[in-house]
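The two complexes that follow have chain A in common; it is paired with chain B in the first and with chain C in the second.
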Partner chain A sequence: MAEPLVIDTKGMHYTPLNRQIREAVASGVKEIVLNNVLGQRFIGNGLRGDAKITVNGVPGGDLGMFMSGPECEVFGDAEHAPGNTMDNGVLIIHGSAGDAVAHSMRGGKVFVEGNIGYRGGIHMKQYECKRPILVVGGTTHAFLGEYMAGGLILVLGIGHEPAVQDRGIGSGIHGGEIVIRGDVDVKLLGVGAKKVDFTEEDLENVTPVIEEFCERFDIDPKPFLNTNYSKIVPSSARPFAGKYTWE
Partner chain B sequence: MCGIIGVIDRTMSRMDGSHIKRALSLMDERGSGEGAGYVAYGIYPDYADCYAIHVFFDNLLEPKTRVDAILKQWGRIVHQEEIPTYEQPGLKKEHIPWRYFFKPFTDLVVGSTNPDDDNVTNLVMAINTEVEGALVFSSGKNLGVFKASGWPEDVANFYRIEDYKGYIWLAHNRYPTNTSGWWGGAHPFNLLDWSVVHNGEITSYGTNRRYVEGQGYQCTMLTDTEVVAYLFDLLGRKHGLPSEMVVEALAPPFWDEIDEMPEKKEEFMKALRLTYGPALMNGPFAIVVATKDGIVGFTDRIKLRPLIVGENGSKLYISSEEAAIRTMDPDVDTIYMPRAGEPVIGRVVE
Partner chain C sequence: MSLGSVPLKYKISIDRDQCMKCMRCVDNCSYGVYRIEDDKIIIDSRKCTACHRCISMCPRDAINLKERPVDYRSHPLWTTEAREDVINQARTGKIILAGMGNAVDYPIIFDRLVLDACQVTNPSIDPLREPMELRTYIGKKPSKLEFTKNNGDIDLTTQLTPNLKLATPLMIGHMSYGAISLNAQLSLAKAVAKTGTFMGTGEGGMHESIYPYQDHTIVQIASGRFGVDIDYLERGAAIEIKVGQGAKPGIGGHLPGEKVCADVSCTRMIPLGSDAISPAPHHDIYSIEDLAQLVRSLKEATNWEKPVFVKIAAVHNVAAIAAGIARSSADAVVIDGFKGGTGAAPKVFRDNVGIPIEAAIAAVDQKLNDQGIRNEVSIIASGGIRNSGDLAKSIALGADAVYIGTASLIALGCRVCGNCYRGLCPWGIATQKSELVERIDPEVGAQNVANLIHAWTLELSELMGAAGLNSIESLRGNRERLRGYMLDQGLLDVMQIDSVGA
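== the complex of A and B ==
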């Protein structure tokens, strides 16, 4: 295998950095390592193909925005909206992330080892074979899955009891599902969300997701395959039907 | 969208402005080049007992003559000079920044527990409403605001903020959305000891403004944030509420959360919300406020703007972005996101 392209990004603005990444991928480079990353926005923005990008440091906002295909692994925290409108591929964050993680995501996977901020998975969507997945190892803040239209959000809540303690879960949800380890107090559910039984079939469906997440972060999956979850889904397809429109 | 960052060294060890300049410049994309500014505490040790009055003059003739007269009427000008500035290709010098070191006559205000502060507040309001071509934008002791229309690095270089050393710094990069950018509309906003940087908008501005104007403050900066400085002065200084309580009044918990509090706390929160209803701030915001004793950061209750906290020994950082904190201090050892509406407080230890 060819040597990876290594870029020292210290003090570099994101525009030349992203240009360099795009040119490298276009010329057939399969692996890129970015060192000393600090605050550069839009890394991997709109990138296509099957490249692997390793980010050492703390990338700026909108990591992997519109990305379609590549795998991006971050050894550090991420800022706001990693996976924004991402189309395909994988983001793996060995740390925590800011607000609006997986904002409007339409395909692929975002795995966050630590915690995420407010409005994780806001307006995630799905269409036919496109089904985005957001998995959070730690906990999440309020308005998880706000206005969610499709896809899966899974929160393991490692080291947190309860896994999620902030309000507004699934506020305005009208598609997709939110799965949270343990019981979720119904008072934390947002408008338009309801809690339903988590069945054997549901467990079968999330098992490959749990296994992949645990493998990525070298965590033993057994405790997460042998425990209870809460499943939160839309109570209707149009939660605000009476709010903005009149029959 | 705007970018904010603040730092306090709780042991009052002073830092020069070069680090916060780099941190704010990292967030250039959060602004539009129409406003940036810095405030530092502890920068004027030679005049520590004087109010440092920073003024933007349109010229040094009529407006300055009138300001000189007002100051001499209300106290003594111990020293005055033009604030040193250094021409920058990307920054148009639209005003002349000037500073006075001022001691008010204590016997001019009666019926007040802090007559000097009231004296200075009165003359700041008088100059800003009555003197055409003069705007006081900083009026505290041993601190100073440095701001202009421009990018963070240009404004910093214009004032050479690396020449100032403070134990608290706040900085702001502005992206004006509701009113146009101008020097007076750049952050931080300051009155006396209070300085405010703010990302977001205060949709309750009309209500808040009517409330503070009923208490003798005048809003003259053509943007919403100045009202926060006056609310902190009113609640924090005049009414004597501790910082945590001021934040609870400005960004209180929801009623359903109050209903679930222990009885005594519930009763207190209800009283606070009713007493300070017109001080409640609505809309998306992340704010950091500084006084000589410390800094407090908080967001709106549903967290519509980012805020992240870092700690390293005696230093506490509050910012819009983690990377900005790490730019100032690569060795920062704790990073966390505070919950919405929850104050993050860093106090100096004597």
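== the complex of A and C ==
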């Protein structure tokens, strides 16, 4: 295994930093470690390939936006919209993240150990084998999975009872599913969302996701494989079909 | 109690002496107006949309169409339309959808603006003899240039930002694959490649048949982020963030599931038959700072090699908003006036929200000049540009270039019937039904659209020559060469133009 490329990002602007990352990946570097990251935006933005990027510190907004392939692990919190319109690859955040996490994500996985802000997983979509996954270890704010068109959002709610207590869950959802540990008060569901039974088959489907998440953060998966979940899905794939009449 | 039916919108009749029963009308009408019973063509006028497909295909000119054959009691306030909308909503309780642009009889400012020409004191220029410079660069211009001397040579040291190079200040605006058919989009793509200009892809990804023309496309990223990935961003010659649309400012868009066929589903990367919903705002843009972040994110993802445009609807504070956009690292601001077209919009928005493009162009150009940042962004104007006169006036008001939409569709056959949202377009434009889409031959369509662009370009050269101008830069923002005819003082002040005679 080649030595990782280590970059001290202290005081560095995001453009030269991203250029350096892109050039390194293009030249075949497989592992990059960024130290002293403090607010640099767009890390891994539009990056292709299978490199692994370790971020030590707190990256700025749009981490991994349009990213297509790499794995990016953050030892710290993340800002606004990590995984925005991400295409493929993995983001692992050992901390919490801001609003619009996984906004319009199209594929790959985003794992957040702590909490996320408002509009998590908003407008995630899926197409054929591309099915994005967002897993949140802690809790989330309002409008989780708003306008969701595909994919999976899983909220474990570690240390939170109930796991989610903010409103507007799945408002305008027309595809995909939101799985939340424990019961979810139907008053918290947004327009167009409905709660359905979480079946054995559902548990089988999310088990590999739970196991991978727990392995990433060194958490015992057992308590999460032996508990109840709520599943929230669209009440219709055509939420606006009945809203309009012709001229 | 039943409300009964409302009178016919259009009445179709066939001159039976002329008709040779070739059945072209029956075959061509996708709305089902014509059918054959006992060897006779039977007409159901209620289904007619006035798309003129049958009329244009009838070899004997035997078909006649009359609009509103039944009179209501005339009333200046309670127009036919007002009454029928109430009846419709009393029946359904729903939002009324309408196609094409604003259909209210607002004054058209373009028609109250007149251009100048030279007489005696300065000679006009004959474009047949003198070169007319119409080449237009869209993007940031440096506020100053720095050079170094190098052994007698002079080297430019200022880092220039990428610009789009247009052979004529006229592009085709964003109409997505999904809203329009692939053959329609392909015709437009071939036409812009022929004429040295650009077209917008709309928010719907890029179908692989457009790839050969990708260097002439501007890829759009809207709030639904449909079909957006790094490959798509890298394909376009420029990237446009769509914030708003003139036909429906402030609201999102819904492509109905009926239009999401296998190919559209693949290009947008959404499941077959599902509604494609673009939310009202971009949910990662809640402020002008967030807009700057998205602009920079797009540039960062494409290595700062692509100009990024931001498109907004012309609304009351358009000038201040454009000044914010000019400071966001964006390279151009696209302003879409309230007469802009659309496949479908709630009628109440289409007819009531936003401002005219003419006032918006002048206000934005002036604001950017006043703040000394006009060089930071180009201005692209759209929304109801019908001919080269509107084009010349737009540039004189301050635009760098215009987008046309409806005009380019008319060049493909559209007769502005406004039923785009029904997906049955008999001209093969606003439909995904293969038997209708096949009615457009992209080679023929491309030639028609290229002819239109060519003709307007010729007329623009003539207008400029007549005004004694030989480069488009001399016309741009040159409001001294415009006069207002029967415009009120308020509007003259906003547009900073004088009245005729002044």
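Rule of thumb we're sticking to: the second predicted complex is superposed on the first by the 241 of 247 C-alpha atoms of A that agree within 3 Å, B and C clash if a C-alpha of one lies under 4 Å from a C-alpha of the other, contacts with A are read in each partner's own complex, and residues count from 1 in each chain.
FYI, a residue touches a chain if its C-beta (ideal position, glycine included) is under 8 Å from a C-beta of that chain, and two chains touch if they have at least 3 such contacts.
The structure presented is a predicted model; accordingly, all values stated were derived computationally and were not measured.
In the superposition on chain A, A:F217 makes contact with neither chain B nor chain C. In the superposition on chain A, contact is made by A:R41 with both chain B and chain C. In the superposed model, A:R22 makes contact with chain C only, not with chain B. Comparing chain C and chain B on the residues of chain A they touch gives the larger count to C.
When the two complexes are overlaid on their common chain A, residue A:D166 makes contact with chain B while staying clear of chain C. By the touch criterion defined above, A:G117 lies against chain B but remains apart from chain C after alignment on the C-alpha atoms of chain A. In the superposition on chain A, A:F75 makes contact with neither chain B nor chain C.
Overlaid on A, the two complexes show chain B and chain C touching the same residues of chain A, namely 41, 61, 80, 119. Of all the residues in chain A, the ones that touch chain B in their complex are 38-39, 41, 58, 60-61, 77, 79-80, 96, 98-99, 115, 117-119, 141-143, 166, 168. Contacts from chain B toward chain A in the complex involve residues 26-27, 29, 302-303, 306, 308, 321-324, 326-327, 335, 337, 339-340. Partner chain C is touched in their complex by these residues of chain A: 14-15, 18-19, 22, 41-42, 45-46, 48, 61-62, 65-66, 68, 80-81, 84-85, 87, 100, 103-104, 106, 119, 122-123, 125-127, 130, 146-147, 149-150, 172, 174-175, 237-247. Residues 88-89, 91-92, 94-99, 223-226, 228-230, 233, 254, 256-257, 265-266, 269-271, 273-275, 277, 279, 283-284, 290, 293-294, 296-297, 300-304, 346-347, 418, 421-422 of chain C touch chain A in their complex.
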